[in-house]
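Below are structures written as structure tokens.
Two complexes, one shared chain (chain A), two partners (chain B, chain C).
Moving on, here comes the complex of A and B:
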């Protein structure tokens, strides 16, 4: 209970202080699950940021003198059918996946949160219309809908990102709406109305802080989904296009070489996906245990 | 109960209507110019006009939508120019392969999840519990198509234990006479043991790849439900009456832990449907999933469109059915007033 109130207090006035950051870091270091998730993320983000500086090989550079080189100190993850360095493509893939993950989470959380907030606060036909629309989106398995959207908008990383965002919006909207309905019936909202507080300041000050834990948990889970979905779209040819070093598309390329002994072409990108998604899921699980007010 | 049923049915129909609008807009209205695609880049203006009229693209959108839905309901799902036949016939010829694979994947996933969840929670076995938690965490982050590739590398290329990506039977084997379309069943009916064992061998790797994610999901859910149930007061009562631990676990904890699992069947179906799209291609499995991937690559959208709308109908239909089943199995949920959670 005390942990929850401090979180709510802290999110009420989001200010990033040095003490706050060190306290958060200490908390992560002392929690094994969070520590694993954190270290995996540090590894991938580190590779994505430092890879180009330290390794510095162009992920698109062809080298026909070194086609299908097995992993070695010169090429830690080997080379593919065109002699491209797979390690360079691996960290470039990390850049792409992590960026799309962050973009998808930010837009999904903001848009989905807004839909849920508006539906929950206004009620009536606005609520019905918004939530019916969400239901219609949820009528498709998310990846199938994402495929349809990328077909409609044209294949590519940007449209894949849009498709991923659209499919995540209803998840946030539903959770946030039910949170809003729960909070709305609480005495302090009644009190705020009674003392004549205006609608929007009240929502900002007294409702939004209460939906933050839900948003955070869902955001972590959606981050993993976004990376997995981007790879799946890339795999069926609807996401990143050749020769972009995107993990899913790299697996497609590696597939034809996998059974001729060149396992490294397709295996490493999948490891990247697995690690990134696992980190996100671990974080989401732990955050759910720590923050979920309803799980009593 | 009747009013609850009616309300749920109306909700499901409204959802399907919304979904059909979405798929209409995404796959009929948005994607470029299908006329050019069909008539070819050298077609004359007159030929284009002809194709346009034939497809009904010159009509206003609401009329087009009505025709689209009318066609779908009456079984006219369009023409697949890559497969060279009506979409419905192409689907019909491939559905058995997909169904057999999905069924196998589900049975493997469910059995494995049930056994592991029971072992993990039975007397809180630490080692098995740890194993279950690790494998389910990784399972939810595994791209199925990548797992498929790994399984092929290890069990086909390296160990040569299972056949490679060559479809449902060896090329030299004659398929048994078609009765159900499920090769395992048909070969048994025909008494063809060679075909039967081959069909099973060919199924194992694809089914493992397809079933891994549902397995991870199920084992996690079952484990959590079992743990939660075993803490309920009535379990303590059963135990204090002298019923053995294992009997309590399987006879009282398990049935109650199953109910929430049933709600997840929609999710599992979705996982199997999308999974089939991602996995079948890797194994050259002659099912609908592989067809959809090929159709996406060749821009044969009649196939994709039908698949997407069918998926939505199936998905909504299953969750509706589950809701109804829930009422039958657990009478406590029949009356909306006493509905819990």
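Moving on, here comes the complex of A and C:
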């Protein structure tokens, strides 16, 4: 076999490279579902980041000369009962929701993943103890539990985030545990032990990479849940407090105005929630189709 | 129940020992117990494994982890699943090297991995090293599995059905590769297989396993010419042979191996044995270990059968000389 007869596709170790990023972008562009999710996310993240720079109106600034202004070039989303610019409040809400979403996903995935990994690898009473605890959390409807936790800890965005994280941990833990049980029975795990690898290095190198797809899919789904739950907690007054421009709380404020025809006060934050959750769920669904090895 | 009972043998430096037996005879359980890899709730209840004056059964788990891979390496049956699909083969070989020699730099380990791939005759090793397992064929993957086992020059390799998952032409190539590699290194091999053809080509001595015991130990020549234990004979008869096809269907061994939970009092093979079925001594007394020729057999008829075969062996030896 001479060198010119064989052109072997080289695959190097996973690393974030320029080529890798462009390949990922090309993949997204060619997949309609991912493209929609991606564009929605770009829109919301763009507004959250660039809004303050380009628009620059204080979302808390009252203007009693322009109370309940309908959407116009001056106020693209109108103003509320206190004359606050709803567009400024919309992108500020995006900042809050996306931040809480990311924080909830990171902590939920790390903590829940760790619980699932330890339970799955340990087995025995450790497994029973951890998983029955997870079952206990799952026994409550997630929103009811989140409300109970925020009431216990005191209403606010931070406590709402903690409550959301607690309710998502069991989801990660269960999925990761079942994945670990599948992977640990694979011969390459036995092979790793047979070359003398110790337990934790073996887990890090040969088990953790195999649970990443599951973790990623669940993280994407939980991102949508986190935004929705934050809005729900804000809506019932347990999350962000007035006058914080949080989408759920904004809907509460806009509720009575909708009856008097000022629909824009409540509708735009609702649209924000819709877009963010749609993007997260589309991404999660598509990622599940693409990554789930059990579906093959 | 006990999957392996009273098995005792030794392997000398550079020796190639074959262990044959049908499914469930305890071959793999034997291999895993040598490395102390029996998964709970299974356990090794007793016995000793001596490697260069150390009893492995008495080592601490940490010391045992050091033995695995550097002193005894295991070659797995199915190369499709013995390699981690998310790591390049190079990374997996490097991992095996650096596990036992952390002082070796990544660069050196990589060069060594390329050498190992060349040793097991993977073409274009310096490019293939960055491939993932799914990019390789079964034969190539099994070579990688062998390369990983050879990574630390272990004095003993245990190959558990190393070619069962491969097609016949690939089997022969992989066995050649394995043979050359262990001969260069002077490593001893315990080859576990149910394929007697492989044993004849590859091994210096053969052990026939039945219901957790070694029922016959012999050189391949003696075993193939004049099997002593009726089970060995029945195994040899059930090898497909074009000449025998004309004489009717391939003989099989009637019945099934005994349940290990409920072993007969006498010889474990007695209910299936063409010679001993119903014979009182076979039924009631476990056969002793009888030294026969250069080996041993566990059969009440061993001495008679050895004497019966005497003429056959002499003729065969005469044939060899002429």
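Methods note: the second predicted complex is superposed on the first by the 282 of 296 C-alpha atoms of A that agree within 3 Å, B and C clash if a C-alpha of one lies under 4 Å from a C-alpha of the other, contacts with A are read in each partner's own complex, and residues count from 1 in each chain.
As a working rule, contacts are C-beta pairs under 8 Å (C-beta built on N, C-alpha and C of every residue); 3 or more make two chains touch, one makes a residue touch a chain.
These numbers were taken from a predicted model, which means no experiment stands behind them.
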item	value
Partner chain in contact with A:43 - chain B first, chain C second, else both or neither	neither
First (chain B), second (chain C), both or neither touched by A:196	second
Residue contacts with chain A in the superposition, chain B compared against chain C	B
Touching partner for A:259 - first (chain B), second (chain C), both, neither	first
Partner chain(s) touched by A:110 [first = chain B, second = chain C, both, neither]	neither
Partner chain(s) touched by A:67 [first = chain B, second = chain C, both, neither]	neither
Chain A-touching residues of chain B, taken from the complex the two chains share	11, 14-19, 21-23, 25-27, 29-32, 137-138, 140-143, 145-147, 149-150, 152-153, 156-157, 164-165, 270-271, 273-274, 277-278, 281-282, 293, 296-297, 301, 304, 307-308, 311-312, 315-316
Touch list for chain A against partner chain B, complex	132-133, 135-145, 147-149, 151-154, 224, 228, 231-232, 235-238, 248, 251, 254-255, 258-259, 261, 263, 266-267, 269-270, 273-278, 280-282, 285
Touching residues (chain side chain C, partner chain A) in the complex	35, 37, 65-70, 73-74, 76-78, 81-88, 91, 95-96, 99-100, 123-124, 127-128, 130-132, 135, 145, 148-149, 151
Residues of chain A touching chain C in the complex	1, 3, 6, 8-13, 186-188, 190-198, 205-206, 209-210
